[in-house]
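Working notes, beginning with the structure itself.
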Amino acid sequence: MADYKLAARASHPTDSVVEVKGRKIGGGNFAVIAGPCSVETEEQMLSVARDVKAAGADFLRGGAFKPRTSPYAFSGLGLDGLELLKIASAKSGLPIVTEIMSEEYLDDFARDVDVIQIGARNMQNFTLLRMVGALKKPVLLKRGLSSTIEELLNAVEYILAGGSGDVILCERGIRTYETATRNTLDLSAVPVLKERTHLPIIVDPSHGTGYWELVEPMALAAAAAGADGLIIEVHGHPEAALCDGRQSVTPQIFARLMKKIHRVREAIA
Amino acid sequence: MADYKLAARASHPTDSVVEVKGRKIGGGNFAVIAGPCSVETEEQMLSVARDVKAAGADFLRGGAFKPRTSPYAFSGLGLDGLELLKIASAKSGLPIVTEIMSEEYLDDFARDVDVIQIGARNMQNFTLLRMVGALKKPVLLKRGLSSTIEELLNAVEYILAGGSGDVILCERGIRTYETATRNTLDLSAVPVLKERTHLPIIVDPSHGTGYWELVEPMALAAAAAGADGLIIEVHGHPEAALCDGRQSVTPQIFARLMKKIHRVREAIA
Amino acid sequence: MADYKLAARASHPTDSVVEVKGRKIGGGNFAVIAGPCSVETEEQMLSVARDVKAAGADFLRGGAFKPRTSPYAFSGLGLDGLELLKIASAKSGLPIVTEIMSEEYLDDFARDVDVIQIGARNMQNFTLLRMVGALKKPVLLKRGLSSTIEELLNAVEYILAGGSGDVILCERGIRTYETATRNTLDLSAVPVLKERTHLPIIVDPSHGTGYWELVEPMALAAAAAGADGLIIEVHGHPEAALCDGRQSVTPQIFARLMKKIHRVREAIA
Amino acid sequence: MADYKLAARASHPTDSVVEVKGRKIGGGNFAVIAGPCSVETEEQMLSVARDVKAAGADFLRGGAFKPRTSPYAFSGLGLDGLELLKIASAKSGLPIVTEIMSEEYLDDFARDVDVIQIGARNMQNFTLLRMVGALKKPVLLKRGLSSTIEELLNAVEYILAGGSGDVILCERGIRTYETATRNTLDLSAVPVLKERTHLPIIVDPSHGTGYWELVEPMALAAAAAGADGLIIEVHGHPEAALCDGRQSVTPQIFARLMKKIHRVREAIA
């Protein structure tokens, strides 16, 4: 199974650095992606983009297309959501990170999105991996809910073999028997991946835990474990969020967290 | 999360019966789908189709598009594989069950395939679920590697909401810590699903265990647990199979198994 | 890790048969152990012993010492419970199977109990395993909640190395992410264990599923998979049981189940 | 299930501080327990005790009684091992932390051991929990291999109900499907436990990962997540260790790690 080549550390002994509009991730560069679970309104996006930028975030996230367990749940604004992301990105200067769910919108993502995210549920949607790789744009690949680290490395190999060289991996919690958290954040994956691949690795403490109270301690832990960055859900009014409000921090908490993150980064330098 | 409606037993108290070219699954009708992991050659397909038909199989399976962990593994013959399936189906009279991996080939599958399979890795590829549902053809939906029963029922709701009424569910083993088997076949899912949905449920003891020696006992157990059918990998020369030979039974073993299955079905009637 | 010797099939190619007061398990002999989760009253025990015997059970079970997650839950009648088991056994003629939880009562169990059960939570209580083995009495060893099959075989090796030759293994469900059932009954463990060891293997569909409605289908499935027996919780009034009422079948359901079990056993003979 | 009382944060809103011979854990006090997996020789113990003390460790660990999967593996020096621990403790001034495996040696542990450890495999050995609690000595309780956080809190309730007030909890990795690490270290358990209980929580990155290369990043992550301490396996010659050498760090690496730990502790203060 361990037959990935382009992703292997052996094929590229130094750390890869992914650079997007002047922001760098990997090789000693730490970056934070922040924003709401889903794009809701222009006002929401402008406000959150301004807040997370002020706190030091490097990228703006927000879901336009949302994978939802039930067909009857809110599934995002679609292309209208992409438009709102573009407006907020233009005003804030933060590059956009957002998830693609289907081959159907490849052209739109190629044109409008700075970092194309492939979500946990699609980590082994091999057709999508190849097609996104062929766009030769930066990609953020999340580990599947119950994927092994080796499977993640084989999945990223599909993207690299497709042609893209700029891929960021993301640990976002795995499925276990424990129910106190939404998933079990597997932080050991960070040093294990550092050994096996040259690609940058970030951590998602929001999905990884499912509770905003746990985001700060696990974000700090991720930084201490050597992660190259974080992706964090931030919402101006978590209690009114259309999705995942329970795991979203407010801009105030996010700002405090950012300060602590930098201190932890310095401590392990 | 339990907000599926069309799939719910409450919305359809009697068992649904899926009928394909005269074969029925569900509501007391038991059907067996058999064939190789992947379509390799015309000779292979004609031979195995003849053998499994003689042993009493109702459908012919065979992968033309294969989801593989590594991008460098054999990934199927693609559309040429579909052609070979059609030839074997025409000669044997057995309807075709085969997996779709991408929206790209929806038209081909709509035209050529009798039962469109959605594999475990795509169980939450929601775009694909909707699009396949819209074809209004019979669908076989496999449970994801680490999906709960509730997630499976929500996934099938996407297909039903898309327009298809003829969906067969398949338990194929879940991911656990146990390494003695490839997956852990969760046979309790059969009676649990019977309670919650009206749709037929079949079991895949080949992927569920990963070892041909375990296929017979687990196939018998599935029948005893009340499954509506089985999907079993059969290959003329398992040791030379291009994929999953370790879990494929020979036509001889398959024929013996079919006899025992019928005795177990009578025992629980 | 696979360094068990006495338990290995290689060391004893034919099936071991455990014989207790004329009842046999293993080597083609199928036996059913039935009774309540916990011993409550003399009347309860006499009534259930009579009922399960009439339905064809071979052994009487009932917990005198109960392992409970919380220290404040009912933990059994202790030695008084053993006395009630002895009375019910004497009247019904059924040998007693009951769980030991501590070295403290080794003498009592050696004197009064026919088959000493070691529960899932104590499967790797190595001191207890050795001490129970040294009693040279029949033992029923349940698989731990998250033990691998190899760990179960190493655990039984402690008992065999201690001196006992008559050990019955029991699959009782493993811990997974699925919440629709209390545990995930791993029936594949039956044929895997048959390959690796000569010891008899029985299945506990009560703990394995946690719901009485699932006991019958999974008991039939266990028999079809080749199990050498079953252990089933039966209670005259499940709704009033002091523990695990949700997973206990009534004597009426048990009697019906026993008839079907025999038909399935004949079907696979 | 959530019916623990003495362990609940609600019953004791401030953090409990466990104090042993002048060392404190909890309530802002951080402590490190270090030493080899198993006690082997006097020379080994004196040397490692001196080294870990010099690096800043607060307690000396070392297994005299070792729980081993196989009955044929080295299972510790037993009471002779306790003697060697006492000698090393006397010379270094470090209090002893060591595991009890059986009720058999309760008196010896009560007399000679400063902190009695109950291992993961015995977390639900309820008899042992009660008996150790009744000794009214400091206890270190490790989370079971597949125990939920709620089960851990119920297990500690047995000890507290037995009479001991000084219990330290330990996250040591849980069993999941991932095989890249020996267990999956669940660091989210730290902040979750902080919310639910007043007891101190330490982390074991040695067992939690199984590889010495991962000990440093995960130790730093544990500190960043808010743990009250660490337990780390240190061996002078890991390649020659009688058990778990693969996960043992050398005294040199341990000394470097201790410096970084203090910097991370300051960063999150």
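Each chain carries a letter (A, B, C and D) given by its place in the written order, and its residues are counted from 1.
One rule holds for everything that comes next: a residue touches a chain if its C-beta (ideal position, glycine included) is under 8 Å from a C-beta of that chain, and two chains touch if they have at least 3 such contacts.
This structure is a prediction, so every number in the text was calculated from the model and none was measured.
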Note, CA centroid farthest from chain C's centroid sits on chain A
So, what's the distance in Å between the C-alpha centres of chain B and chain A?
34
Per the C-alpha means, the centres of chain A and chain C lie apart by a whole-Å value of 48
Using the touch rule from the top of the page, what residues of chain A touch 2 or more other chains?
146, 175-177, 179
Treating touching as the only link between chains, describe the layout with one word: line, ring, star, complete or other.
complete
Contact set on chain A toward chain D in their complex:
146, 148-150, 174, 176-181, 184-192, 195, 208-209, 213-214, 217-218, 220-226, 260, 263-264, 266-268
Within their complex, chain A touches chain B through residues 1, 3-5, 67-73, 75, 101-104, 121-122, 124-128, 130, 145-146, 151, 154, 157-158, 161, 175
Residue numbers on chain C that touch chain A, as the complex places them:
146, 175-177, 179
